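Consider the two complexes below, in which chain A is the common component and chain B and chain C are the respective partners.
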Partner chain A sequence: MSTDSHPDGGRRQVRLLIVDDSNIVRRRIERSQRLGEIEVVGTASNGIEALELARRTDPDLVTMDLTMPQMDGIECISRLIELKPSMRILVISALADKATAVQAMEQGANGFLHKPFTDRQLNDAIAELIF
Partner chain B sequence: MQLSGTDRNRRFLAAGAAVAVVTVMALVLIVGFRLATRIRASVAALQTTSVLQTYPAVISQQLAALRGQLDTLEYTGRVHGELAATIANFNKDFATIERRHDLDPAAIQRAQTLWQSYQPVLAPVLAFSGEPYDDTDTGSSLSPGGRVYYDQVRRAAIFAAENATVLHQQLASLSGSLQKRTSAAAARLRTLLFVGVLTVLALAMAALYLQLARGRHERAARDAQEQTRDILKTVREGFFLLDADYRIGSVWSEALTRLFGRSDFAGLDFEELLRDKVSPETLATAVKYIKLLWGERARENLMKSINPLGQLEVSMDNGRGGKETRYLQFDFHRVMGPKGVKHVLCAVGDITSNVLLARELQEAQENAHSQLDMMVGMLHADPLQVSTFLDSASAGLKHVNTILKEPARTDAEFRKKLAGLSRELHSIKGEASALNLMSIAQRVHHLEDMVGELKGKSELTGNDFLPVVLKLDELLAHLRGVREMTARLVTLKDGSPEPGATLSVPQLRIVSAEQPAAASSTERPTRAAGDLGTMLQQLAAKLAQDHGKRITLTLSGLGEVPEAYLSTVKDCVIQMLRNAAVHGIEPSDARRATAKPEAGEVRVDFHRSEKGYELVFQDDGAGLSPETLKQAAVRKNILTGEEAAALDNRAALALIFRPGFSTRDEVSMDAGRGVGMDVVARAVYALGGKIGVSTNPGRFTRFKIALPEASQAPAVA
Partner chain C sequence: MLREEELKTFVDGTTRYFEVAAQQPATIGSPYLLEGEPAMHDYTGIISISGKREGVVYFTAPRAMLTVLLMKMQENDFSHESMRDLVGEVANTISGNARRDFGHDFVISVPSVLTGDKPDIPHKPGARSFVIPINWRSHSAKLVVSLT
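The block that comes next holds the complex of A and B.
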């Protein structure tokens, strides 16, 4: 869990888990993070998969879609926070409905990004959460 | 912060000055009191020494007097008593002086010694008692005791006379030193009073200065407060602070009163502010959002982006007993204190006009789009057809206006109006969609919806028609727009804009007829009929496409239609064609199943007859089923079950000419409003004609319309 357990001695890379039911969006986020301090540790297409992956890969940061099959984003957020309270969650959703955004924040999300987004917007939003 | 700090300092200074004034005054009083007491004692002592100074002389005089009396053998008792009293007084007063510590003890000692030296000569004198004289008959003479007494008096008198001056001087020097001391004390008292008064004055001035400064500062604070009040009174946004319990603070801007129609904001719960003004769901979201603002994750940008109150639709009392919809914009800013979020500043603005403007813009944009669509549609249509349509549509709408103007009081009269409106609108819509003028067709469709809603109302009043009148105006304006555009298009197509070829329809006709000015009236029917044919073919193609069917339309004899009947014939054929496309012709697969050709066939034949003209309209569709018609009539409450059962097939078929009858339940652009064949029948009757229908279920439906000679036909409005 702690950064000093890493053998390279320096700060460990920020571990990112991407959760979105759209393959295109997942790839898009992944591509935008090729360079820099962020290491993509997994991608999931629904909430259950995301929880499973989070247990195994211990991410620091999660990008989270809200409307997904099986387990939706809101529930997934609260479960992830239960799993690791320090986890940072960036909601990325096309929902224009503010009530859902408020609900996500209430569950523990840290940021909100509207789809569609540019790489710049995504990087800014992530930077705001981890630095 | 800075202000209140200096303010506190000033307060401390003023209080310090006041305390100093009191202390100094107390000190001056205490010291002054002591000095005064000492001076008073000194003055008393001074009096005593002054008296003491006189004693040596008095003693000397008294002794001298006593000696004189002894010399003359006078009575000595009185003077002797006085002398004794004087000596006793001296002793008493001297004892008082001796007790004083502020006198030079050496001087006192010296006076004491001097006085002691008096004692050996005075004591025997005082000790004498008895009669100094012996009284005989020969006279008086000193007795032996008297002689001793006389000697003692004489000695004492000589001693006293010799020493009186020295003792007097000694006592006078005591008095002098005492006087000096007293005046020194008095000088000290004066100085003390002077310094005390000066100090008090200085301190009082300092206190006054501080007080003035405080007054100035308070005035400045009051000014600042007043300015804040003025800002809050004038600013157009509603401003208030929310505390950690989500309650409104005691200061808010006046605009809030106007925005919310209340003024009891202090301490009001934020939830309470919005209750009854927004939906419960919105309220719940708003409350959650406000709670989030206090959290550590609530960064300003993030919170701004998810603000659910950025454009809040609220329903407010409009002051006239009704409700009106307004749009409010809430902005939240966190006010940070040393221990996290202290307050949340909330700014509320009324953005109703912005929202409405944005909507208008959007509508205008949509209008522009629809105009473009219309333009494209018109490029495909024949200008002559369009102008003919515009003529008849304008006439139709005029008729609608006439219907609306007809006075009506009873519900039945209003309903009659509605029925008339429906028919006119329906036929205009039919023509518009036949010409592919969808912008017009949609507007009329919308009007029909409004009329339909009115029909569904339980009770009708004149006011219910107002929106329809407004919408009609809009439609007329639109028609004018279309007319202008047609004129421009014609000019474009013609390539040679003529000064007259602008707006009026007759001129349009001339231009597009390619025979300017020479177009004769006999040629017109032919031309118009040709246009009618093209138009009907286009309509058939469009209807087939819209309803997923295939239709072959065969027209004959339309060239024969006299001009007076042209409009009616056109309207009737359009309506029947629509009915055929919607109800009559079956979908291709159904037709295949019954071994019919895939394309439905519709024939329209116009020809002369014995008494005038005849129009035959026939489709090879499913035909009409008397039973279905009856059921529909019962469902529409046009007939009761018994009445329906009593009808023969012929009468059942005639049901389709009744107003409000339609077998379609859902409404589409082309059919289902229950306006259709009754419009056709009315138009025919209006020309003095007749209409009949015959059918063979599964095979065909045929309408026959008989019209009288054109010259006998009544004028069409």
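The block that comes next holds the complex of A and C.
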């Protein structure tokens, strides 16, 4: 994925949806993306909210927690990909076993970042998916 | 039943959490077997474990420590809700990281949070409970691992 050029020569911002059941983690990701080529179009605390927001905001990129109430991240990933196959999904989760990462990728995720993470690790992981 | 050598996974996870999230290492004390009820702090984040192991993992910390942790994370919301959110997230992160060693069948719940110094912690019969003491800056907290 690359940021598309606008007709006026500017670059289109990447539209980011943040999904995590922790307010602190959502704000942390949001703060790290305030500047630059990413526009945060919404935040959600579970998979159901994420699907509703994705329909309304048409994100290009989603950061996705896995362990969440109501609808977990694995199910949400496959539903989001059905909605928009070109969507890029970065899983950000504490679940550190290989099988979980493989399962997320099989559902359609494009990258995996383990919690805890630094701002640099986060920005590098996002950059790998969109630039 | 939880073996002492398995505790290393949780000690390493706790060490990693403070190094990365708080950007300042904690001093982790020697784990000890819990007999009776542990002394609890203001906020306790609990993860229930199911699958091939059963029990709970919980992180209990005083409000003062959580406030400084939030400041280190550049947070400016120090409300009761943020304290609850943070203890749950610490417990979730350390428990989730433990799947690196315990595997996919080490199933963790979403966090639940209790407040006060006498919370009612669920205990699985037959589980052995170990306390991992955590000292960070001038504050003390505990991670308790209670698994079959």
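Quick note on the criterion: the second predicted complex is superposed on the first by the 121 of 131 C-alpha atoms of A that agree within 3 Å, B and C clash if a C-alpha of one lies under 4 Å from a C-alpha of the other, contacts with A are read in each partner's own complex, and residues count from 1 in each chain.
Quick note on the criterion: a residue touches a chain if its C-beta (ideal position, glycine included) is under 8 Å from a C-beta of that chain, and two chains touch if they have at least 3 such contacts.
Since the structure is predicted, the reported quantities are computational estimates derived from the model, not experimental observations.
Asker: Kindly say whether there is room for both chain B and chain C on chain A in the superposition, answering fit or clash.
Answerer: The answer is fit.
Asker: Tell me which partner touches more residues of chain A in the superposed arrangement, chain B or chain C.
Answerer: Between chain B and chain C, the winner on chain A residue contacts is C.
Asker: Please work out whether A:Leu95 is in contact with chain B alone, chain C alone, both, or neither, and reply first, second, both or neither.
Answerer: In the superposed model, A:Leu95 contacts chain C only, not chain B.
Asker: Which partner does A:Arg28 reach: the first (chain B), the second (chain C), both, or neither?
Answerer: A:Arg28 sits against chain C, while chain B stays out of touch.
Asker: Just chain B (first), just chain C (second), both, or neither: which does A:Phe117 touch?
Answerer: The answer is second: A:Phe117 touches chain C but not chain B.
Asker: Check whether A:Glu128 is in contact with chain B, with chain C, with both or with neither, and answer first, second, both or neither.
Answerer: A:Glu128 sits against chain B, while chain C stays out of touch.
Asker: Have a look at where A:Met68 lands relative to chain B and chain C in the superposition and call it first, second, both or neither.
Answerer: The answer is second: A:Met68 touches chain C but not chain B.
Asker: Determine, under the contact definition given at the top, whether A:Glu82 touches first (chain B), second (chain C), both, or neither.
Answerer: In the superposed model, A:Glu82 contacts neither chain B nor chain C.
Asker: Would you check which partner chain A:Met105 touches, where first means chain B only, second means chain C only, and both and neither mean what they say?
Answerer: So A:Met105 only meets chain B here.
Asker: Mind computing the angle chain B to chain A to chain C from the CA centres, in steps of 10 degrees?
Answerer: 70
Asker: After the superposition on A, what does A:Glu52 contact: first (chain B), second (chain C), both or neither?
Answerer: A:Glu52: touches no partner chain.
Asker: Minimum C-alpha distance between chain B and chain C after superposition, to be given in whole Å.
Answerer: Between chain B and chain C, the shortest C-alpha distance works out to 5 Å.
Asker: Go through chain A and flag every residue that touches chain B in one model and chain C in the other.
Answerer: 99, 114
Asker: Which residues, counting only chain A, touch chain B once they are in their complex?
Answerer: The contact residues of chain A facing chain B are 98-99, 101-103, 105-106, 110-112, 114, 128.
Asker: Note which residues of chain B are touching chain A in the complex, please.
Answerer: Checking each residue of chain B against chain A gives 281-282, 285, 288-289, 291-292, 297-299, 301-302, 305-308, 310.
Asker: Quick one: which bits of chain C touch chain A in the complex? Just the residue numbers, please.
Answerer: 16-17, 20-21, 70, 73-75, 77, 81-82, 85-86, 88-89, 92-100, 102-104, 106, 108-110
Asker: Which chain A residues qualify as touching chain C in the complex?
Answerer: It is residues 21-25, 27-28, 31, 67-69, 93-97, 99-100, 114-118 of chain A that touch chain C.
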